[in-house]
Structures are given as structure tokens and as C-alpha cells.
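Okay, got some structures for you below.
Heads up, the next two complexes both have chain A, just with different partners, chain B and then chain C.
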Partner chain A sequence: MYRRFAISCFVALLTLPTAARTRPHYGGTLRVEIEGDPWQPPNGIARRLVFDGLTTLDTTGAVQSALASGWESDNANHRWQFRLRPGVYFHDGSPLTSTAVVQSLNLDCPANCPWATVHAVGSTVVFTGDSPMPNLPALLAGDEFLIALTATADGKTPSGNIGTGPFQVTSFNNGLLALGANETCWQGRPLADAIEIRVHPAVHDQWLDLSVGRADVVEVPVEMVRQAQQQRLTVLVSQPAFLLALEVTDSGALVNPMLRAAIAASIDRSALANVIFQKQGEATASLLPRSLTGFAFLFPVDRDLNKAHELRGGLNAPTLTLSVDGDGALRLAAQRIALNLKEAGFNAQEVDAGGAQRADLMLRTIPLEGGEAAAVLESVSRSVGAPAIPPDSSPTSLYRAERDFLDRHTLIPLVDLPRAYASGARVRDLALDAHGLPDLASASLEDAP
Partner chain B sequence: MSLRQRLLLLFSLTVAAAVAAVAWTVLVRIRHVFEQRDQEETALFVSQFQREFQHRSAEVAAAVDHLAVSERARGMAFEIVQSGDASPYLTEAQTMAQDAQLDFLEIVGADGDVVSSAQWPARFGYPELAVTGAGEAAFLKREELPDGNSALGLFAVRPIGGAELALHLVGGKRLDQSFLADLPGAPGMQVGLYNERESSTDSRTGSGAAPSATFDPKQLVGTNGDVPSADRYQALIESALKTGQQVTGIVYLTARREDSVSATAIPLKNVTGRVLAVLIVALSREGMVEAQQHIRTIAYGVASGGILLTIACSLWIAARVSRPIEQLAHAAEEVASGNWDVRVPERGHDEVSVLARSFNHMTEQLANQREQLVQSERVAAWRELARRLAHELKNPLFPLQLTVENLVRARALSVEEFDEVFRESTATLGMEIANLKAIIGRFSDFSKMPKPELERIDAKDVVERVRSLYEGAANREAKIEFATEIAGEPMAMMVDPELLHRALSNLVLNAMDAMPNGGKLTISARPRGANIEIKVADMGEGLTQEECERLFTPYYTTKLHGTGLGLAIVQSVVADHGGTIAVESREGGGATFIITLPRITA
Partner chain C sequence: MNRNPEVKVQLPAPNDIIRANEKSAETMKAMKLIRWAAMGLSVLLAVSSSAAATSPWEQPAAALAEQIAGILGPGQAHLSIRNVSRISSEDVPAIRKLLEQDLKMHGVTVSDDESANSIRVTLSENARARLWVAEVVEGSVTQVAMVQLSPDGEQRAQAVGGLTLRTERVLTSREPVLAALETANGLVVLETEQIVFETRGPDGWHEQSRVSIGQRRPLPRDPKGVLIPDGGAQFEAWLAGTQCRGSYDPAPSQGQWMVSCYASDDPWPLTQSDQTAVPVKAFFNGARNYFTGVITPSVGADPPPFYSTAWIPRASGGTALVVGGIDGKVLTIENGVLKPIAGTRDWGSDFAAIHSGCGTGTQIVASSSGEAAVDSLLAYEFPALEAIPVSAPLDVRGTVVALWPAPDGKTVLAATRGAENQYEVDRVSALCN
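Right after this comes the complex of A and B.
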């Protein structure tokens, strides 16, 4: 008996270090390398580390409370009241108030907001709208509505980015953004002591740094996921996080909807998804990803060049301008679209996206924000200035709202694309959140003290 | 034009024509030689250029060949064939092209569709027709680019890792400014590439484009970008495009001949023989033209100097040849004017000197004969004078002799009868002596003709004065009708009125003498050109031809008691006034004396 107990104790002692190794450790510095601006929505990796929203989405896309501890709607979703979580402080020590939230939201969304007015009432923030806002809690979880401190206690504009998130800005020098752990974070202290975000190195340099241990988390462009996997990097790929779509102007030469429909029919989505994005994306002709609705098949993705010619009806459109909001694969996709359009009888010329004149065609990526189908539909459609809000969340209403929107042919969905990141060997428990971004606050380091 | 001038002109023209012909021949020959040399030089450069072009073609073929047999390409082809998925190699062509330093590279699948394209990555899945029918050698091809433009390139097609994998590489190098700059050049040589514009293009096949009908100078690029005066090459390029043959010609870039090039347009064709571009190899002719101009300047200088020298020599020769003839002509003119003492120099033994000697001999003979004639005439004149004097003096002497003899015989008569005879005899003697004095006075007057004192008078006044003087007597004594015909316009002349009056009076008296039985005497005056013509016409017996010829000879007369000096005096007066006198007559038709005197118009 004793002998058996002794053996059991011995085995238990032997397993202790193993258990210790699997338990997350506090401390250490996570080194992240990215190509773009860390503050730029929707890919700004630093935004969600420094700022919080009133709501957030869990990994399944369900709306969860964040800075708002609760909310309720009145008047058939025309009025929403969000109660602020008590005991939340900004990084400079000032308390989170409803006034600060209203100021931040007004700054984030000066126009085309989901709501008509927002104002502070005690510790609550009240939104009112001219039309029902059934998806407001989900929309507030979006990247564009994160809460930042816009004025200090003495009324001055803060010198840096100050939020309530798990990390706070400590410095930004020579392209290196240093974030420190927010010890008083309302969500609890993050595991890592600090995060260093190195800005603008090229992707292959990022991978090289990851390989030699100079970086812990790096970006992986969608079209290079397979290449990263071939190089045996640990790649995390999200669910569809944004939609590659062609925004078509409904004025000028393309005021005729038949021409816009011809453009939609002439694009080879499969080539974009399978070749340019190396099968990491999913060709789509619908705004909502297949995983959210189940009726995406009702929007055929196949190219129909004959139909495109038929729709064009022999009309000779003048040379169309095509801009692309990005480079790399996006620019290649734009060239491919121009090539497809040429076959259909359109002549598209690529122009600078920053030009003074709006291009006839704009290839852009739209974040699939909102978690729930109706919210995603509203978010996506709102991004092109024409929100499609289904009266309820039933599939029929969703389909009808999406069909009505797409029949205008002002936004042509092309490919649903994920986000992807690669992590190093010393990173533990790194996962991607509902927005496709790495949840660095929950990640820890293997060699942390 | 004088003989000397004619000779000078003839010599000068002959020599100038000869010099010009020689200069022209020399210049044409030099130009021909220069151009031949220029063409040979251009042909040499073009040949060298074509060899270099072929060398570059071989380089492209070798580069693509090298890629096609590489392990990387073989591995890729194997995986594509095995997996059937070519999408992982979307950017492979860009990497391979960069490694092989190719401007164009496409990986073409077994189905003929592009798997990966370095120059147009988005073109995957579209067919590449260059694979079919391509041989081992490099070829020209126009490649479309994403920006809507197209580029010309030297391409080669190679299967990857042998035919079993059925993948191909289509690689090439761009024919552009940098390609031209890498080609070997020479000082003064310019290389340009004219890209034939295409009006439309089928993006799926990359063919079917029709060449543009119009020449666009902007399509001609050189090693430094735009080719200056590109439009000047239009004819050459269009000819090469049209015929598909190499064309050589001279292109004048500006109005200056130095700014010209000897250009060769080499058509660059694709595998089907269509001209895709024209390569221009232009060699500056500046040095050659300058050399030609230098030679031409020298030739013109030498020719001008030669012509001037020739003119000078011609002057001397013409002078030498023409001087004796001119002297002869001058001497002849002198002789014609009465100077028979003139002589011409006699030099040498040529025809001209013979002529001069003959001329001198002739003038000497003439002078001698004239002297003899003058002496004869002088003797004859003296004889005539003596005869006249004898005749004139004999008539009064005979009565004088008879009177003196009567007077001698009268001494035997009574005093009364003697006194009567004496009075008659002394009267007769006095009368005859007066007659002798008159005869001697007329001879004296002829020898002492006064010098005219000119004054301005009208011919009408002269005629009227004569008429008023003689009309009455003529009518009264000889029953002669006196008529005058005077023009209405003024007839001013500078004459001595008294001398002219005396001359006209003489003619009028002669006319009256010619009509002893009466008749009509007409005096007329009228302008004739620059002269005034005064006529005195009678209706007498007229004159014979011989009388007319000798009428103005001194001491010649047709009258029984005339001295023959009247008309001689008239002629002398008329000659002293710069005029002439003539007579028109026929037997039985009267005679008309015509005096012509200069008229004063102002």
C-alpha cells in the first residue's frame, strides 16, 4: 500500500515540470513584425491591443460585452442604451466615462454611422436612429468603433493613442512600436509583459526573422500561405475575414446597369481564388460568406462571357479607370480583372487609387465585421454607402436584402479571404479572434521567466 | 561689238565651258566615289549589326535553353504534371526570368495555356500561340503588356526537360532602348527601332493585330530615347514595311547637307514573315559631305582662277590678234576720210602683215595718184582760168583795138570829124575798160569770199526778201511769173542773211536767164526733218546730165558771157553754213536748185 502510494507520489513529482511547462507564463516580450500601419483599420494589429469596443465578438462570432456591461433596445430598435462597465480606466488613469465614449464614437464616425445620434446619459451611452438598428451591438464590436481617449481631464488632446485595452503604448521609435502590459486592465493583465511591433519589413524578411528567432509573430499574405506552409512555418489562418470586391460606379459610362451586370458576369472569380490567392480564398458572388448563410450557392460564381457580351449589347463603353486599394496580389487581381474585362469588350486602365478623381472600378477589400449574418450584411453594404438592412434575421429576409443590393451591381463580390499569421516556436496559445487578428493578449511565451 | 570683244567672249566662253565640264566631271566622279564608299561602309556596319543581332538571338535561345534543362524547371514541370495543379507556380516565371536576366518568360502548360508569366502575371490560363510552330531559332514577337502597350522582343521556345513533360518555356529579351544601346556602334552611327503600331489586338491570342496605316514618329526610338527628326525616316521605314526588304537611302535630317545620314532600314519579321518593326542603322554623312564640300570649294576656286587666268590670256591674245586688224580698220577709216598719208605697222610675215603691207602700198599708190591728179587738175584749172581770162579779156580788147585804130585813122580827118570820132572812141574805150574792170572784179570777189556772220532768221524772211527784190523786174522785163511756196510753220536757222541773200539772188538771176522767153519761177521753203529745204525752180531749157555734174565747178558756165563763178560762190556760201546744194533737171523740163540748211528747233 505504502509502496504503491510512494510510487504514485514519485510519478506525480515527475509530471509536475511537464504541467508547469504547459501552463501559461507571465512575462516576456512578444515581437511582432507587420508590413502595414499598426493603427490603420481594419488590419491595424495594435488597435485591438490598445483599444476596446463597447462590445466584442467571441471566436464563434457571438456578441459579447466589453466596455459595455449590458444593453437594451427600445422603440423597435430605434433606440439603444448601453451601460458602461464600472471600474474601467484609460491608460493614463482617467476613468472611462460615457462622455469619453461619445466623444470617441463621434470622432470615429463623423458620417454614415449606423446611428443618427449618440449621447451620454449618466453612465450609459444612448444611440438613437431614424431607422431600426437591429445589428447595433454587433456593429459596435467592429474595428472602426473602438473607444479611444480623445481629451484628457484638463480638456487637452492626448499626445498618443490611449485606450482601455490590455496593452498601452510605451514608445514608438524608428518604426518600432513598443507596447507595455496594462496592469489594471479590466480584462485582467495580459500574459506578455510587452509587445514590440516592428513596422514595414518585407514579408520575406519577416519570415527570415521568424525562422532565426528574431520575431515571434509575422504576417502571412493570403496568397503566400501555401508557400509559408511549405517553409514549415506555423501558420494560423482565420475564417473569411474580408471580402475582395469590385466597387462599380453607377454614374458616367456605367450608369447603365446592364453594363455593370456585364462586368460582373465577365470576371473569372475562380482564377482569382485558385491561382492568385492560391486556393486560400473562396470564390463568391455573394456578400455574406457561405458559412454564415448557407444560401451563397444561389449567387453563381462562374464566369459567363457570353452573357457578358449579351448584356453589353454591343455598347462601346469608353476606357474605364480601375484603381486598386493595395498591392501585391490585389494589383495582380486587378490586372486579371482588366484582362477579363477586355475579353468582354471593356477596356480598363489601371489608375492610381489616390487620384483626385474617383475611378470607375475600384478593387478593394471589405472587412466582414459583425459576426452575425445580418450585421455582416449591414457592415459590408454600409462600407459602400448603401446599407442593406434586412427586417429580420431570417434567411429569406437576408437573401432578399442581399439580392436587392447585388442586383444594383455597384459592388461585385469576388473572393472571401482569410487573414493569416505565422508564429514562432516560443509562442504559446496564440489564436486568431473573430476578426482574424492574432489575440496577442492571450498568448504567452515559452521561455518567459 | 568689236572684234576684240568677240574674240574675248569666244575664248572666255570656250575655256569656261571646258573648265566647267572638267570640274563637273571631277565633282560627279568624286561624289560617286564618296557615295560608293559610304554605301560600302554602311553595308559593312549593317552586316556587322546583323551578325550582332543574330548573336543576341543565339544568346536568348541559349538562356531559355539553359532554363529549360535546369533542375528547377524540370522539378516544376514534373510536379505540375503529377499534381495537375499549376497555381503554386504563378510567380515562378518572374523568379526564373530574373535569374536568367530575361525580360520575358512564360511557362506554358501542356494545354498551351500560360501557367506563369513574368511580363504579365495576370495572363495565366490564356493560350500562348508562340509555342506551336516555333523552331529552334530565336524569333521576333510582339508581346502585349499589362499597361495596354506592347513590346517587341527576341524570343525562343524550349520544351522543359524533354518533350515528355509537354511544358514549354517562352523566353525573350526586349528590343528597346537598352537593347539598342548594348549593340556595337561606331562614331556617328545611330540606331533606331521603329515599332509598328497596331490598331487592335486580340488579347487571348496575341495575334491578329493589323499594322497601323499611318507613320508615327514617336514609335521610332533610339538609344537615347526619341530619335531627332524621326519623321525624316518615314519614306525609308514605310518602304521597308511595305516591301519587307532591306532598304537603304540617304535621309536629310535638316536643310543642311551635312545633317544627313546614310540609313538602312532592316525589316524585323516574325515567324510568319510579317514585319513587326524596322531597325534603322544610320551612319552620319557629315564627314563625307564636309570633305566633298571642301573638294568642291577647292575645285571651284581652281576653276574660277583658271577662268580668270584664261580671260586674262584671252584678253592678251585677242589684243594681239585684233590690234593689226584694228589698225588696218582705223587706217582705212582715215583713208576714207581723206587722210591718205596714214600707214599701218608691218610686223611679222603672217597674213595680217601681208595685208598691212598691201594696205600701205595701196595708200601710197592712191596718194601718188591723187597728187598727180591734183597737179593735173591744177594745171587744167590754170589752163581753164587762162582760157577764161583770155576769152573774157579778148572780147573787150578787140573793140579797144578797133577804137584805137579808128582813132589813129581819124587823124587824117577834119578836126570836127576827128573830134566826133575822138568822142565816140573815148566813150567806147571807157566802156570797154569798165567792162574789163568788172571782169577782173568778179574774179577778185571769188577769191575773197567773206566769213559768214551768223544770226537767227526765218527762211520765210529770206525768201520774201528775194521775191520783193526781183519779182517786179522779172514780171516787167522778162514776163516771168514769180511764185513762192512757204510752209506755215516757223523755219528758224542760223545763217548770214547777206550771204544767203546773195546766193539765192544768184540762183534767181540764173533762173531768169534760163527763161528769156518768160515762164514761171518758183521759190519754196519748207522743213524736211532736221533741215530746211529751199528750192528755186525755173521752167527753162533744163540741163544735161553732164552739165548737172559740172555745174558747180568754178569757171564752168553754160552762158555765153558767164564767168562760171556764180554757182561756185553759191556752193561755197551754202557749205560755209553747213548745208548742201543740189540740182535736179532734165532736158526741156527746167531746173530746180535745192539748198538744204540745218534747222534750229529751240
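Right after this comes the complex of A and C.
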């Protein structure tokens, strides 16, 4: 009898009205914890919450309009005109004007810009270049060209970071950056009322806070993704978001391209990807990720020590200096590269990245932003001061431009790396954007009112 | 080279068949058999000919072979093929055969001789397209040829259940689609900042014109909108804080849509029940993505804030308003009484009534709760206060962002956002099993 009663209760429970999953709710505060500086370019987590670019990238990496509602080029891509979106305001209430955009861009890019001049014409921003700029709309979506207010209406420098983005800075005290929803954001008010970004807790402290409900979104370093998954954290891993590469000087002892080619052949990329980055990265010898081109296999990743010795041809290079632009896994990667080089007959000595003299070799990460291969190629190659711009976007032109650039051996691609974050149970609809950053403006909270 | 020779099958002429009437029954039977066999044969040949003609690999194989021949010139070469794409391994021999044939046409003979020049073909792909790469090795020199192919369209199976839901693509768009309405003068599409007018062509809808809505304030995230017909050649549109009215001027000098939009916080019309004489409207929270819960004229009970509503007929003869609350609970308002509905745990926030004529005549098509990787649609009936699924789930290409009934109520339209932020409007119809 009790059994029948229990079954009846169970059936009744099953038929009770239960809450379904709904559209996202507005409200609540998202709590984020990170190790680094939220404003650090490129892609500090607060930057795209507060600032917008003239263009943006959708989740597929395609260029979409942002502060510019449209654009045209003429004179064979030597001149571009971007029309500003009307009715957009900075967080201090001042309108977005073409003059403000030009001031911001000039501050962002004082030299080595993709353009030669930029100036305001009415409600448009006009770029001119000495050479064609076919990828300008995609390049302007990059982190370095986000638009910030540089002067208030009375000509003073604004205090703090003021942009047009979905959140505005409320306060930044004691390592806690507080952002409030921009009610009049041109993209629509964000779903959360506020975001609190707590800066500098160690990664394991972040994970602890996530597990006990004190944080909603935390960082997961690439090399710790498996560990986070083993701890049953909900981990979001992006597409390749940056390239680990070795920048090689083409002066001094390394003016000889054969020596630079020998360095490229001597590095064990698979060990870097599998051991240092715990199989979360993909060993690569190409600038562009496989998913972007489909021809990355034409640049073999295998280490070839015999070839390295052959290319070195018995030449004795003096001790090379090696700097690292980062720490943690990057420093371990640099140590392994130094060992690889030693096996090929080079001596590499690690030096401080901030030293007065530029190192012969610099291990660094370069953002891979966007879904348009030609634009990514230009952006990556521009980061080492030698932009490779294919004449058109056909795969063959792209391959030739990449091949020509890599044959100089001034930048040696090593590993494509994703970004990763973990989120708590309160957070819903959190996705990573084209830059591998969490799209916090479109995320909402399950327990929002 | 012609791979698709025209196939001609001689069929009996009509006069021959008429003359056959005068012959014996046996002869007629034999003639019929021959006729059917000939027709069957012709159909088979036509199908095989058509299949060959539409082989997706022919064109890229020809293009790649031409490039390879341009590098190598006439002679012998060793050909190897590697497939690192999602092309089925069963297709690779056919691709190899096509390449061999096309290379031969250009004077390159494929040989097994390892000492010959070498062609290494890799069937690769990137996130957007397929890419076939040929590495042509002549001694120590390697040159590369490439051909890019568009990926195939995805085929989808239809779901089968108590009734079967089917989708038919109406349009695709790069911009978010809030609603769409077919009128006698074309398709009206409501986007977040513009209203787009499309005319039907032989291969689907084509954009004719677009009109800016000119909102004074930005729409909230997760925006909603409604389009309803207002007579044969008019429509009304509602978005947060804005209302538009459109009319079509058929005069030859005009022949175009006239649209006027203005700021408005008036209540939005809810989908109509046949039995309700007075249109029922509800106030929308313009700063959020839901209705406030205030319905006018009153339906006898005040629901909580909600996302969606639908009218369903009841066995008693009346109608009930189904309300999807923002808390995820689904309620009905019937005879002025608010009651919860069970069995809606898997519902998303969007649903619409469909007058299919199957089963009880009307079902509710609801989006899934979004727990799965892709959304699906399911039809439900309400014999009492419990939603009973009456169809199998129908997978849709992406996330359902809006669902609304067509003006005739016999189908519903679903707007979905795909993985690549491509928006699509599909017509969902129900087939009785």
C-alpha cells in the first residue's frame, strides 16, 4: 500500500507544473575574477565592456558595423570613409562625433598605423593610405582601435575610462572594478545591471570562489584547462585566440637568413603544445590558424634537427639573448626553446624583456582577431612591423603572401592557443566572442529578479 | 569531354497506342509491359544522368586539374590523394577518378611510377569552405595549386510522431529578424532598425526596398517585435517604444510601400482567438524583453509578466489564453481563472498556436528550453491542464528567437539565429498522420 502511495506521489510530482527555461532575465550583478589588469591591451576584459570600435567582429569573425553604421572605399582602397552611427553617446552624455573618433584613433595609433592620415569630415571619418588598405574595416575591429573619449566638452582630459560600450565605470577601488549597465547603450542595455571585476586573485583562489558561489566567471589559463575540467568546472574554450611565436631579429648575428631558418627548424613545437600547454594548443608553423585557411599543413610543424645543423652550416653564432613577454607557461616554453636551440648548436640566454637592448629572440603572443584570413595575416604581420597584404583574398594569394613573409624567418609561429574561462551555475547564455573573451553584456543570471 | 551524354529512349507514340486497341488483349498487355519498362528505364537513366550532372566534385576537380596541368605541362605524374576534410571517404575514389580524367584531358597521365613527378592532393577545409590543395613536386621544386569549394547545404530529416512538423525556409538574413508577414503585395520583414520589403521571384524572396524605423531610443538586448496584417494591403508593426503602420500603394506610378513610424507605448496586439470579438492587447516593457502582464481589455485575471501567449480552443466550447511567464511557468486563463499547466518543463519562452486540423484541431508549437545544443519545435495539445506532446521534436537550424502564427493560423513562422549569426525564417506546418 505504501509502495502504491509512493508511486502515486512520484507520478503526481512528475505532472506538477515546473518552471521552464525562459528568455534571459534582466538584472543582477555578475562577479568576475581575473589575474591581470582588466584594462591591459590587447583584450583586457574590461576594455570591450566599456569601449566600442568603429567596427566589430561577430562570433564567426565576420566584420559587422559598430560605431560606424557603414563604410565605402574608393581609389582602389587607398581611401575609406566611415559613416558614424547617429544617436550614440559617451558615458558622460557627450555625443559621439567624428572629431572625438579621430582624436581617439590618433592617440591609439601614433605611428605605424594601417593608414597614413585620418580626419573628420562632417559625421564621417576618412582614412587615407599611401598603399591600398583592403582590410581596414576588419583591422578597425581590433582592440588597439577602440574609441575612448579623450577630451571633454570643455577641452579637459576626462578622468577615467569613458567609452560608448554596454557598461560604464562606476568605481575602481582596492582591486575591485565596478561597472554599471549603460541604459542608453546603442546596442541595447546589457542584461546584467552591473559587473564587479575583482583583480589579482590567484587562479586557484578564483576557482575556489567559483566553486563556493563567490564568483560567476573566472579565468582558466590554457595550460590548466584539463585541470579545470577534472575539477568539474564549466569551462568555455575559444577558437585559437592568439599565436605563440618567436620573434627573431634580422640584425647582428642573425642577419644571416640561414641561421634564422635553422632556429625555425630546431624548435620542437609539438612538445610545446603537448607538454607546456597540456594539449590545449595546436602546434603550428603557419601564421594563420588551420580553421581560417585550410592550408596550414603546407607549413610542416615537425622539428628537423638535421636540417637545422645543415642550415647552420657549422657557423658559430654568438650567444643569443632570449626575452619572454609574459610569465608562467610562457617562461617554461622559453626554457624549452633554449634547450632545443642548444641541441641545434645555438646558445640562448634568457634576458629581461624590459631591458634597454632588444633581445635577439623574443617569445610573445600575438592576437588572432577575426574570421577574415587576409585581415588576420595583415594584423599579425603588422605586429612585427612588416605587414603582409595579399593582393586579393583568394587562397592562392593568401598562401603566397604568408609563404613570402615566413620565408624571412623573422617571426616563427609555434602554437595556436585558445582562451578559456569557467562560469558558475548562476550564469546563463555566456559565450566567448571572436576575441575569445566572455561576452558579459549578453550573459544573464539565472536568479535575476 | 562529355561525361553526361544525352540519353534518348524511344517511347511508343500516342498513335501507336491507339492502334494497339485494335489488337488482341495479349498484344495490349505486352505493349503495356514494354511501355512501362521503357518508361522505367528512361526514368532510371534520367536519374543517373541527373545525378552525374549534379556531382559536386566535377567542377572543382576540373579546375584543380587545369591548374596542375598549367604547372606540370604534358607528361606523367604520380598522384596521391589525402582527405583531411569531412568529405566521406567513399567519395574519394570518385574524386580521384575525376581528377585522373581531367588531368588526362590536359595531357597529364597518372602513372604508378614513383620516379615520375608527383602530385599530392589534399582534400582540406576551413571553417567556411572546402579547399583542395595540390602540391606539385618536380625534382626539388614544389608548387601549389588550390581550389576553394562552397560547403554543401545541410539535409534535414523530418520528424515523425502523432503529427509531423515540417519546416520550409522562407528567408535568410544577416540581420536579426523580429517578425515577418506575407501579404498580397510581398513579404514584410521587421528588423531591429529597418522594415524590409521583399518580392517573390522564381527562386524565392528578393529585397525590393527597406525603410528605416528611426527609433528614438535603442532597443533592449533580446529585442522583440510584432507584425500583424491590417487589411489586405496594410500592416502594423510594434517594437519597444515604437509603432509603425505600412500601406501599399498599387498605383503604377507608386507601386510601393509607404511606412510611418512614431514613438508609442501603446499596448501590443496579442494573437487573436476566433472567438474574441475585441482585439486583446498587452503592454510591453520597452526597456526589457517581456510584457508587463497588464492585458487590455481584461481577460478576467491578471497574469504575471510574460513572454508569449496563444489562444487555444477548449473542449467546453470556449477558449483559453495560454501565457508563458518570465519565471518559466506556463499558465492558462480560462473563464477569468488563472491555472498552471503541467508538462511544460521543456518549453522555451516562445510558442504559437497552429490550427492544423489534426487531432483536436489546434495545437501549440513550442520552442525547446535551449538545454540542447540545437533548438527544436514540438507540438502539444491540452486535453486538460497538462501539455501532451503530439509530435516528435523537429530540430531547427539554431536558436529560436521568435515564433508567431501566420495570418491564416494554419502554419506558424519561426525566426532562428544560426551558429554563424545567420538569421532564418521558417514556415512550420503540421501533417496529420
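To be clear about the criterion, the second predicted complex is superposed on the first by the 426 of 449 C-alpha atoms of A that agree within 3 Å, B and C clash if a C-alpha of one lies under 4 Å from a C-alpha of the other, contacts with A are read in each partner's own complex, and residues count from 1 in each chain.
Going forward, a residue touches a chain if its C-beta (ideal position, glycine included) is under 8 Å from a C-beta of that chain, and two chains touch if they have at least 3 such contacts.
No experiment lies behind these values; they were computed from the predicted model shown.
Participant: Taking chain A as the common reference, can chain B and chain C both be placed on it without clashing, or not? Answer clash or fit.
Facilitator: fit
Participant: Touch check for A:190: first (chain B), second (chain C), both, or neither?
Facilitator: Second partner only, chain C.
Participant: Applying the document's definition of touch, where does A:386 land relative to chain B and chain C: first, second, both, or neither?
Facilitator: A:386 sits against neither chain B nor chain C.
Participant: Looking at the overlay, what does A:441 touch: chain B (first), chain C (second), both, or neither?
Facilitator: second
Participant: Name the contact category of A:349: first (chain B only), second (chain C only), both, or neither.
Facilitator: first
Participant: Return first, second, both or neither, reflecting whether A:338 touches chain B, chain C, both chains, or no partner chain.
Facilitator: After superposing on A, A:338 lies in contact with chain B but is clear of chain C.
Participant: Looking at chain A, does chain C or chain B touch more of its residues?
Facilitator: The partner that reaches more residues of chain A in the superposed model: C.
Participant: Between chain B (first) and chain C (second), which does A:431 come into contact with in this model arrangement: first, second, both, or neither?
Facilitator: neither
Participant: Would you check which partner chain A:396 touches, where first means chain B only, second means chain C only, and both and neither mean what they say?
Facilitator: In the superposition, A:396 touches chain C alone.
Participant: Which value, in Å, gives the least CA distance between chain B and chain C in the superposed three-chain arrangement?
Facilitator: Taking the overlay as described at the top, chain B lies 24 Å from chain C at its nearest C-alpha.
Participant: Same chain A residues contacting chain B and chain C, which ones?
Facilitator: In chain A, nothing is touched by chain B and also by chain C.
Participant: With touch defined as at the start, can you tell me which chain C residues reach chain A in the complex?
Facilitator: Contacts found on chain C: 84, 122, 124-131, 133, 135, 144-146, 148, 216-223, 287-290, 307, 324-330, 340-350, 369-371, 386, 419-421.
Participant: Any idea which chain A residues touch chain B in the complex?
Facilitator: Those residues of chain A that touch chain B are 226-227, 268, 271, 274-276, 278-279, 332-333, 335-336, 338-339, 342-343, 347, 349-350.
Participant: Mind pulling up the chain B residues that touch chain A in the complex?
Facilitator: Contact set of chain B toward chain A: 87-88, 90, 120-126, 146-148, 203-204.
Participant: In the complex of these two chains, what residues of chain A are touching chain C?
Facilitator: Going by the criterion above, the answer is residues 15-26, 58-60, 62, 87, 183-191, 290-295, 297-298, 371, 373, 394-396, 399, 441-442.
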